[in-house]
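The following block contains the structure, expressed as structure tokens.
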Amino acid sequence: MDFIPGIGATASGLDAQRVRLEAIAQNLANINTTKTASGGAYQRQVVSFVQELDRAGNMGVRVDSVTSDKSEGVSRYEPSHPHADEKGMLQMPNVSLSHEMVDMLSASRAYEANLSVAKTSRSLAQKALEIGR
Amino acid sequence: MIEALLSSPNYQASKTILDVTAERHRVMAGNLANVNTPGYQRMDVAESFKSSLQSAIKEQDLGALRQVGGIQLEEVKGLAAQSPDGNNVNLERELMYINQNALEYEANAQFVSGSIARLKMAITGRTS
Amino acid sequence: MNPISSAYNPQVFSQFSVPKQDAELLEMGNSMAEPFQKSLESGIAGLQSTHGVGSSIRANGSPFIDSIGGFVKEVDAKSKEAELARSSILSGESNNIHQAMIASQEAGVSFSLMVEMRNKVLETYQELMRLQV
């Protein structure tokens, strides 16, 4: 049982948002990766969350899976590129810069919110210890 | 004799409110952790429980306060969806609720502390 | 009708049956004083006994000693409650620190009340002894 109320849920939230941020960072790093070990262009990684009740009874969150987005990215004409196909078309990754930036903002806001809750929870527990003194 | 000293309705109310606000904080921390979970519905202390507690406090009903029992939680109805996946947790609003609730907790802890400190003062005749 | 003459009319007065009311009041007063008288008498009798203060007071069943006994039981109950809360926190069974803190403070207050009462009773007894000499 947590002495700090709800810390189990808050920690799971921090963890999940961190995984999401890592996926976004990886996507951004590979925004121009036209060839991967498995063949084609880099595929955007998508993190999915699911709610989970932990042992202490807190409603936390869990990363259900990190999957590849199978949608097709932009394909452009660049015959001089070493990874271009026989028609001279180069398949780009399906990572959109603006989309990833917005996602990153959302993830970091959520991360900071959970961090602020953790601080508040701790100060509540300390206030409880000061009762009567 | 001791029971009579500690049986002020406001004192008992503060003790109960401490329990309720602590539970509410736990639940809202869970809401915030799930701010991006698809389809997640915001949870809070049941409205019926809140109103019955409020009326017990208003009427200074000691018996009702003592019998408050388990705190019921419920999925809050009628909230607008905050994202296309049906999640209805608003990050800023939830943070605001959490901070207000935390203040309520600290205030009631202060009330209880004050009552105890006053009792100690009355008994020992010393101010600390 | 002359208002003054009716006020002093003994017939009007007798409606309020003044002499009877006086007797009733006296009886009420006596019945209220009775338990106080009884406890005072038994207390004094206990003090005057030469067989040792403790046993004789118990034998007389002084209400003062009875109330002290009840009080000690209450203090004991409060301290047991505090111990229970403390052990449930230690064993991890409960995470309700504020209630545990409140319980321990309440037990402390009850205990110090008992100690102060004991000091006062002792003081009073010592003063009485000094008076007799």
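Things to note:
By written order: A, B and C. Residues from 1 in each chain.
Operating definition for what follows: contacts are C-beta pairs under 8 Å (C-beta built on N, C-alpha and C of every residue); 3 or more make two chains touch, one makes a residue touch a chain.
Because the structure is predicted, anything quoted here is derived from the model rather than measured.
Every chain gets a centre from its CA atoms, and the centre nearest the mean of all protein CA atoms is that of B. Looking at which two chains touch through the most C-beta pairs, you get A-B.
Between the CA-based centres of chain A and chain B the separation comes to 33 Å, rounded to the whole angstrom.
Distance between chain centres (mean CA atoms), chain B to chain C: 37 Å.
Look at where the CA atoms of chain A average out and do the same for chain C: the two points lie 69 Å apart. Chain C has residues 98, 102, 105 in contact with two or more other chains. Listed for chain A are residues 5, 128, 131-132, each touching two or more other chains.
Across the assembly, chain B contributes residues 18, 22, 109, 112, 116 that each touch 2 or more other chains. By the touch rule above, chain C contacts chain A in their complex via residues 92-95, 97-98, 101-102, 104-105, 108. By the touch criterion given at the top, residues 1-3, 5, 56, 125, 128-129, 131-132 of chain A touch chain C in their complex.
Every residue of chain B that touches chain C in the complex is listed here, in rising order: 1-3, 5-6, 15, 18-19, 22, 109, 112, 116, 119-120, 123-124. Chain B contributes residues 18, 22, 25-38, 40, 43, 91, 94-95, 98-99, 102, 105-106, 109, 112-113, 116-117 to its touches with chain A in the complex. On chain C, the positions that touch chain B within their shared complex are 67, 70-71, 74-75, 78, 96, 98-99, 102, 105-106, 109-110, 112-113, 116.
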